[in-house]
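Below is one structure; the comments refer to it alone.
The chains carry the letters A, B, C and D, assigned in the order they are written, with residues numbered from 1 in each.
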Amino acid sequence: MSSFEPVDLDFSDLRVMVLNCTLKRTPEPSNTDALMDNATAIMAEHGVVVDRVRPVDYVVVAGVQPDMTEHGAQRDDWPGLQERVLAADILLLGTPIWLGAKSSVCTQIVERLYASSGLLNDRGQSIYYGRVAGVVVTGNEDGIKHVAMETLYSLQHLGYVIPPQADCGWIGEAGPGPSYADAGSGGPENDFTRRNTAFMAWNLMHFARMLKAAGGVPAHGNQRAAWDAGARFDHPNPEYR
Amino acid sequence: MSSFEPVDLDFSDLRVMVLNCTLKRTPEPSNTDALMDNATAIMAEHGVVVDRVRPVDYVVVAGVQPDMTEHGAQRDDWPGLQERVLAADILLLGTPIWLGAKSSVCTQIVERLYASSGLLNDRGQSIYYGRVAGVVVTGNEDGIKHVAMETLYSLQHLGYVIPPQADCGWIGEAGPGPSYADAGSGGPENDFTRRNTAFMAWNLMHFARMLKAAGGVPAHGNQRAAWDAGARFDHPNPEYR
Amino acid sequence: MSSFEPVDLDFSDLRVMVLNCTLKRTPEPSNTDALMDNATAIMAEHGVVVDRVRPVDYVVVAGVQPDMTEHGAQRDDWPGLQERVLAADILLLGTPIWLGAKSSVCTQIVERLYASSGLLNDRGQSIYYGRVAGVVVTGNEDGIKHVAMETLYSLQHLGYVIPPQADCGWIGEAGPGPSYADAGSGGPENDFTRRNTAFMAWNLMHFARMLKAAGGVPAHGNQRAAWDAGARFDHPNPEYR
Amino acid sequence: MSSFEPVDLDFSDLRVMVLNCTLKRTPEPSNTDALMDNATAIMAEHGVVVDRVRPVDYVVVAGVQPDMTEHGAQRDDWPGLQERVLAADILLLGTPIWLGAKSSVCTQIVERLYASSGLLNDRGQSIYYGRVAGVVVTGNEDGIKHVAMETLYSLQHLGYVIPPQADCGWIGEAGPGPSYADAGSGGPENDFTRRNTAFMAWNLMHFARMLKAAGGVPAHGNQRAAWDAGARFDHPNPEYR
């Protein structure tokens, strides 16, 4: 593909699951929502089906089992959310920053995604293979990169592909100050944030389609089922060292 | 592609740049080298051309300019190394862990890669687009994930694709103890480390080829040159909020 | 004090608040509990009053306000827990590691402690001044230092003193394996973990007493109330630069 | 001490070692220097003797041995710097942020401090006991807290006390922009940064004096020499569990 070759801009076969891990319940306004709106607007404009929730509106139980009702919880809304995550080609996590770290809700979502990391697809790969992920971060002080590095690391560890420049965020100058959606914050006009948001949205779409077209991640060298059955995929043996 | 469809296992059109950011100069044995050997053996077995150095053997100058000799340094070997990085489809960084963090050499390599982050390819994308990256970490105590999250984050921020499960590492039980290549460490026999090493190597190869076959990352929505020239790629305008 | 001068080993005027941020509700056994037992045994042996809870047994609401019932929550047990934190000279947080990060419960506790960071003591210092903090981390894989650095940073930012070597933890060799309290894990016998646990416990006691004897942190240069009233404590003015 | 009790403001028995881990050699202006100036001005005003260097001006060799000339290096200036670190009651590290992380020079300084972590004082405690540490961070984008958490964690792990609010920093709004010392950056006028700088400087002085007056950290429960000789300081035995 040369730089002059037209790129197909219809992504209507794709689906994105958007989890805004704000601490604020609907309908309280969320700054993270405001920034995520820009990313989802780009995707929706090109046909991506957007499924979007705030986990804090649900009863998501602490634990690292797929369904905590099987482990004593009276109610656990996570299994339903997990199904929607797995129905999507793209996972977009959003989180505020508190004391330089991702929110407790975001931490919990990662824990619950991890709870299903033992599940495999029909090729014996991690169930999360063949999908792409990105992250959106807002605060008024400091911490975009630290939050993004922790979150994106977790997602690639689970099996997601992380496209180039798959995070975006906004913070103000050091110290307390207006939040992204506050009048006069400068956030919505920030050229750096806007560019990163656009690049992230497009790269998520490009890679999701590339994977869909390829039928997922090529199935050799990365199938847990095969490894457990004894395949070593040309990994040298210790005794040969 | 179904799970029964054969996968092409010849990757002889690919090239990997391996930077072992150990603090030890050649020929002192490096534990990180020993673990990286397994990853490069898999790649070499399938035709990938391996270019491998320890940056500590070179004069790499502190700074964030592409060539520090233009900024007062008498000698700077980085420009030559940077060319070799850009000649490769895959970048594999290796680093030991010191006090839970990546090595100073690894930190410096990231700084010097960052120094060229303003360069663009012929589509106006970051010069690092169209390439994939992974990381190999060794220590005897603790810190694989922290080191990997920092390193992989930097690389995706620069424009690299991070495939699923693109890191591997080995540490022993909490506290001092034998290092990876020490007799009886258990490292070379560790099934978890071996599996992660194999999966990383294969996913780096699969995604490098996928990108090469696609001619790079599709060029829409992610070109810095176009953004700077005023393209907004359907990002909503602030005033529409 | 020379190395031969006797140290007073009666700490019965001190109180420690122990928050085990496990994801497991009582009475499910917690590995973090098992390791924390060693630290609290040392403290209790020397008279420290131990107040200990698992926050997951309580209804702690997501949010960054001191009392979330004033912000729509039907129930919030945090205000009672916060009182107990403030009644103690020492705060000891315990957390498991999930995907290299501290637990969501631990993240939430930090958020809720942060919610009261605007409160001041009678000298105008942060309400957390005059107290010391440490952290205990367990996992079976990797991440003690990353978890400790995030957690201890938050606590010193709030106003806690971090004594030397104020963390301890246990993990096994890279990869899944037995947890701390599992038979044959090697955890309870690990000399490094045991030494760090002892040193942490003692340093928490020493510094808590030092602060108590001093009547808290000397009140000059660090009072938010005074700063807000215009005191600058010899900080140079920008115009003098 | 009540809030009305006078605090002694003469700290002329104290010494601070200031290591500005900028990547820029003298005399190139350093933004980190500009911010550190405020902290050292407060200390100097109250008699603290200030010893200040930029390690990048020296030949500090990669490695984790106290003196790398004993391990093949032709020259290594670290041993002399290490002596000056140990002559000081306070260690103040400064670092710029690159890609959200501390500088390679700062990473190297931590590695070299760690190289002497086996040395003990005359009580058998870590050689760094009885000292306090803080950190100053500058960038134009994001990362103060992540850099501070990594750096402060390393220092407490080595044996330094971390007083309350022992870090300060400045960054601008998300994205590239003026650096701290650039005209119009807003950095020198930032009230949050100024307050944190003052509080840090004062808390470093208060705790350094408190430790000096106490003759160091009370010597019980934290002496490596005693532990290695068999003392257990009331740590429970595994078999009692």
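The rule is short, and it goes like this: contacts are C-beta pairs under 8 Å (C-beta built on N, C-alpha and C of every residue); 3 or more make two chains touch, one makes a residue touch a chain.
These numbers were taken from a predicted model, which means no experiment stands behind them.
Trainee: Are the interface residues of chain A and chain B largely the same numbers on each copy, more than half shared, or largely different?
Mentor: Shared-number fraction above one half, so same.
Trainee: Write down the chain pair with more C-beta contact pairs when C-D is set against A-D.
Mentor: When the contacts at C-D and A-D are counted, C-D has more.
Trainee: Report the chain whose mean Cα position is at the greatest distance from that of chain A.
Mentor: Result for max centroid distance from chain A is chain D.
Trainee: Can you work out the whole-Å distance between the CA centroids of chain B and chain D?
Mentor: Between these chains, centre-to-centre, one finds 31 Å.
Trainee: Please tell me the distance, in whole Å, between the geometric centres of chain C and chain D computed from their C-alpha atoms.
Mentor: Centre separation, chain C to chain D: 22 Å.
Trainee: Could you please state the distance in Å, as a whole number, between where the Cα atoms of chain A are centred and where those of chain D are centred?
Mentor: Between these chains, centre-to-centre, one finds 36 Å.
Trainee: Considering chain B alone, which of its residues make contact with at least two other chains?
Mentor: Only 99-100, 145, 149-150, 153, 157 qualify.
Trainee: Give the list of chain C residues in touch with chain D in this complex.
Mentor: Residues of chain C touching chain D: 1-3, 5, 7, 9, 34, 37-38, 41-42, 45-46, 122-124, 126, 128-129, 145, 148-150, 152-153, 156-167, 188-189, 194-195, 197-199, 201-203, 205-207, 210, 214-222, 224, 227, 232-236, 238, 241.
Trainee: Note which residues of chain B are touching chain C in the complex, please.
Mentor: Residue list for chain B touching chain C: 99-100, 142-146, 149, 169-176, 186, 190-193.
Trainee: Okay, in this complex, where on chain A does chain C touch?
Mentor: Listed in rising order, the residues are 23-25, 56, 62-64, 72, 98-105, 107-108, 110-111, 114, 150, 153-154, 157.
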